[in-house]
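I've put the structures underneath this note.
Each of the next two complexes has subunit A plus one other chain: subunit B in the first, subunit C in the second.
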Partner chain A sequence: MNDTKTNGPKILEAIGRNGLLLCYALFALFPLLWMLILSFKPDSEMFGSPFVFHPTLDNFRAVLGQSDFLGALVHNLVISVLAVCLSLIVGVPAAYALARFQFKGREDIAFTFLSFRFAPEILVIIPLYLIYQKLGLIDSYTGLIWVYQLISLPLLIWILRGFFEDISPDIESAAQLDGYTWWQVFFKVLLPLIRPGLVAAALLCFIFCWNSFTFALQLGGGRTQTSTVAMMRFLASDTVHYGWVAAAALISALPEVILAILIQKHLVRGLSFGAVKG
Partner chain B sequence: MRPYLVLAPAFLLTIGILFPFFVAIYYAFTDYSLRSSEYSMVGISNFKDTLTSEDFWHSAIVTVKYAVYATGVEMLLGLGIALLLNKDSILSKFLRLVLIFPLMIAPVIGALIWQLLTNPSVGLLRLPLAWIGLGEFRWSADPDYALFSIVLVDVWIYTPFIIILVSAGLRSLPKSPYEAALIDGGSAWFVFKNLTLPMLSPVILIALVFRFMTSLQEFGIIFALTKGGPGDRTMNLAVQSYNEAFPFYNLSGAIPTLLLLWALIYAVCFVLIGFWRKAQKTASGAA
Partner chain C sequence: MASVELSGLTRHYGKRVGVKNLSLQIADKEFVAIFGPAGAGKTTTLNLIAGIVTPENGNVRIADQDIGGLEPAERNVAMVFESYALYPQLTVYENMAFPLRSPKFKLPESEVHERVTHYAKVMKIDHLIDRPIQALSNGQRQRTALGRALVRKPNVFLMDEPLSHLDAKLRHSMRAELKEMRQQLGTTTIYVTHDYLEAMSLGDRIVILDGGSILQVGTPDEVYFRPASARVASLFGDPEINLVEGRVTADQAGGLTAELFGGAFRIPLLSVELSRALPRDGKSGARERRFTIGFRPADVTVEHRYGDDAAGTGAAGTVYSFEPLGTKCVVTMTAPDGARVRALVPGRKQFRPDEQIRFNIRSQDLIFFDAGTGDYITRSSPLMEDSIHG
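Then we have the complex of A and B:
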């Protein structure tokens, strides 16, 4: 694309591009770097010089030493992973159906799925608590995995619907003419084509479930306390140990970071079909 | 029948959990309170009270302002950053990963970090601000800058949401139209305006819909930073109804407020999804 340009504008473009990225990176990352520093700071030096201090692992030891924080991480992992898997199992076919089939009420059903996200969490939480009590779902994995569908399903269905619609139906019928079954076409042709969208949507669903606070606080309990709720307990204690909070937040973000690293290479489209659209 | 059967599991799973929503609508027409188990129907008087209260309208304006500012900045910033990152260099790959980190911190913790950073007596930002003559800047404690300060934190947390979605959209654009444009010798701006933007607009609109509707409902960030203050400068509908529901157990005041918020979100999304349908048709037919 830049063939016709001379070197001068090219260099300027690179400087501009990287300069803008650097500005945003500074804004996005310096609070996190500071949090990283806080997590290694002893309580006594918390409000001293920002960068000169005696690094210590005490904060991490204190957080991980509390057996229930590790337990809370496991709870959060089980609940969030299963919630996203459930969303994928029921949501991917739903998104496909909304994108491909012509049927009565299609747009209304699609909009209804979106509308599940309209109700503010506090509006749902009080009546839901009473119902969960009757059903015995308070403080259970099932209860939280179920309620997290409100967070993840609308997002997943609506992102994937767009990605499915971008793929021409001709590709599907061509593959079926070649003798592949519908399932083979779905897994070998369609899923690789929507892979960037699928992976991004699953990552977002995981992040939102993982960080969900209101539902986990109100409907969870001792047996299902998630790490997000456990962190808030450090804040609510009489003396706030900022170092603990920072260490806990970093540990708690680790599974999300690992997931993001693992899926990086899948953010690229699997097959290089030429004319995908139209 | 097939499409309905495919949709049924997802539908039943979510409609089941949304049953409480209908219970909440019922409570909106009663004088239900968490303090006593007795209650009676009061008709639409709760809605009348809400709609004639000045606090409601003040909070409604704050809600819309917050959502428009936060979503607007996040969309422009997220779209810009995603476009700048759309290169196959090692730096871009690295930045695509680390720039989304703010989204991974629980929003309330993110808010706390910013509260510490901007703390006027110990915060890290007080020194650089003093150098440029803004040593007295009070952030969210200043009535004139409180909204700006909480929107800043929202932008910090949620811009990566836009970056992730737009990047995924950019990654799945087909290559052939670009090759054709290259042969035709179109300028970078021409290619962006006539190829990239139309094909990308469905995913941009979906990002906008989700960001706008969740920022209209925002509770955690505002509650953690200002609890609606100073005064009621940052009091949005979600925080206001929480304040009514929890310290005062006044559900009949809180539920109508939240239902009206729900109606607002419904209307906004209805319009935006209309745009999405048009954009999707153009995108599927384009190129």
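Then we have the complex of A and C:
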């Protein structure tokens, strides 16, 4: 009797908790499932019954074969990777400076970086467009990589700043006393310590750049068209290829998923900030 | 192995004083303990020697060489940090080998191995050598940090409160080990601490630092028995020294009497030096001077008072608080004039708060400070060494 008394509520609790989680998982994953279904649906059955259809690979064939979507993927990859690299080169020293040095307006500068993320892209796109036109940066890799810094740099700086702050300055001093120059200290001691944060931040930056739409749409063009913009062309006013869009979206989600799986180990540590306390 | 000379070092942090015009000479192979309260500038002094911070004024000389312009790596000093500052991504072995693999102090790997294993044994961490730092206890981390400093043969060891984060028991045993080690090492060492027992037991000399300035430099005995000022006396020792206002009078025959607690407690004294410290004038022949009088809690004895024993010796008081510490106990009393007096009483006596007691002060251990400036004037009786040296 005692067992049922104590176990009864426990079982109910377990059922309730898992039930709720299941509901949430369905809620969260259903759009993905819907996209998966759409990508395999022929155009003719697009508006028929949701789950009963004759699966086909025509959508994928069309996206990869007939259009220049592959080219757009390559554009996106080049621009996103270079944008993240530039962010790393600029952002790591910036994060270090903001974490370590006491200087006038330090918090203001840090906040300014963060504030780049506040304004919606659409708000600044018109002035940016005019400036880019004057500078001749429209439809150029340089222009897009530059403007993507608005997306990736603040993120990188703020994540890495936390990591640098968690490293005791004593460790740097100790390494210097142990006979290393500042650069050697940076590469031998600091970099290994911030690596989880570096990896996680770089991945997040890549995802945000990869998914960026507004800047690429307005400041890009034929030579630099990214996959996000290319997808939109499947939604023309006369024919709307929902199946193509779904297939293209699935394909362009793949690199992110693969990257995330590859560096999962770092990601878990990196996103739980301050995991490097000695 | 080298002497260290600091002259006129000044460093501020914003408006806060780190150290102010600090000068100090440390002989080769000397072990100097820098003692002071939090914020006294102890760590700043070490950082200035190590080159981690640069002085606004003054210079540092090691082995008669001005090292002001040198990078920390060039100074060949080893430091043990309060936070240990171990490299969390490395194992114990790699941490200890780190300085020996640096471009500056590079040794062949075979010698690195030899030295690291040797000092791991000395520090009794040889069984932990492959563990990551995270898997170590505080005591083991502390040993690793010491080991990392020892593997090099630096000019100077700098130790910044290396024992302060250890639990009491470990701290005592490490203190004993350090004392033994310093004899073997024979390297100039500057040891920062806020624990007066560490300073007393380890230091050849003790430097008392407060507010960025040196208050006194001396041997442990000098600092303890002849503190340069009332401030030094109050910083040094636990429980804290009793400092009370009092006066000393001399009668016509030259007999001295110290009056404490507004005259409620009188001690006859015999001291030539104290007699000299009294003003000469006074037509009546009576001479007197006000002092701040210090006496250590261990020099106070306390007795229970039964009934109305007006004839008892010493001063009457009431117990304010009572802390038993095993073989000793600390009794804080309220003297007749309201002053608080701390006593360190041996044995297992019991006192209740508000109990009526009598206390006595050993007359040979009074320390007299100027009532105004707090400067040391004299003791009520010379120390043993004084009488030996004349």
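We adopt the following convention: the second predicted complex is superposed on the first by the 236 of 278 C-alpha atoms of A that agree within 3 Å, B and C clash if a C-alpha of one lies under 4 Å from a C-alpha of the other, contacts with A are read in each partner's own complex, and residues count from 1 in each chain.
Following the convention adopted for this analysis, a contact is a pair of C-beta atoms (placed from the backbone, for glycine too) under 8 Å apart; a residue touches a chain by one contact, two chains touch by 3 or more.
This one's a predicted model, so the numbers in the text were calculated from it and none came from an experiment.
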Note to self: With both complexes overlaid on chain A, does A:236 touch subunit B (first), subunit C (second), both or neither?
What the structure shows: neither
*asked:* Contacts for A:177 in the overlay, against subunit B (first) and subunit C (second): which applies, first, second, both or neither?
replied: second
Practice problem: Identify the partner contact of A:189: answer first if only subunit B is touched, second if only subunit C is, both if each is, neither if none is. | Solution: second
Between subunit B and subunit C, the one with more contact residues on subunit A is chain B
Counting only touches as set out at the top, which of subunit B and subunit C does A:52 meet: first, second, both, neither? neither
Practice item. Mind working out whether A:25 is in touch with subunit B, subunit C, both or neither, as first, second, both or neither? Key: first
Subunit A positions within both the subunit B interface and the subunit C interface are 193, 276-278
Seen from subunit A, its contact residues with subunit C in the complex are 168, 170-171, 173-181, 184, 189, 192-193, 276-278
The residues of subunit A that touch subunit B in their complex are 1, 4, 17-18, 20-21, 24-25, 27-29, 31-32, 34-35, 38, 47, 50, 86, 89-91, 93-94, 96-98, 101, 103, 106-107, 109, 111-124, 126-128, 130-131, 146-147, 149-150, 153-155, 157-159, 162-163, 165-166, 193-197, 199-201, 203-204, 207, 210-211, 213-214, 228, 231-232, 235, 242, 245-246, 249, 252-253, 256-257, 260-261, 264, 267-269, 272-278
Subunit B residues touching subunit A in their complex are 2-4, 6-7, 9-11, 13-14, 16-21, 23-24, 27, 34, 77, 80-81, 84-85, 91, 93, 95-110, 112-114, 116-117, 122, 124, 156, 159-161, 164-165, 167-169, 171-172, 174-177, 182, 185, 188, 191, 199, 202-203, 206, 209-210, 213-214, 217, 219-220, 238, 241-242, 245, 251, 254-255, 258-259, 261-262, 265-266, 269-270, 273, 276-277, 280, 283-287
In the complex, subunit C touches subunit A at residues 47, 50, 52, 71-73, 75, 77-79, 81-89, 98-99, 102-105, 133-134, 148, 152
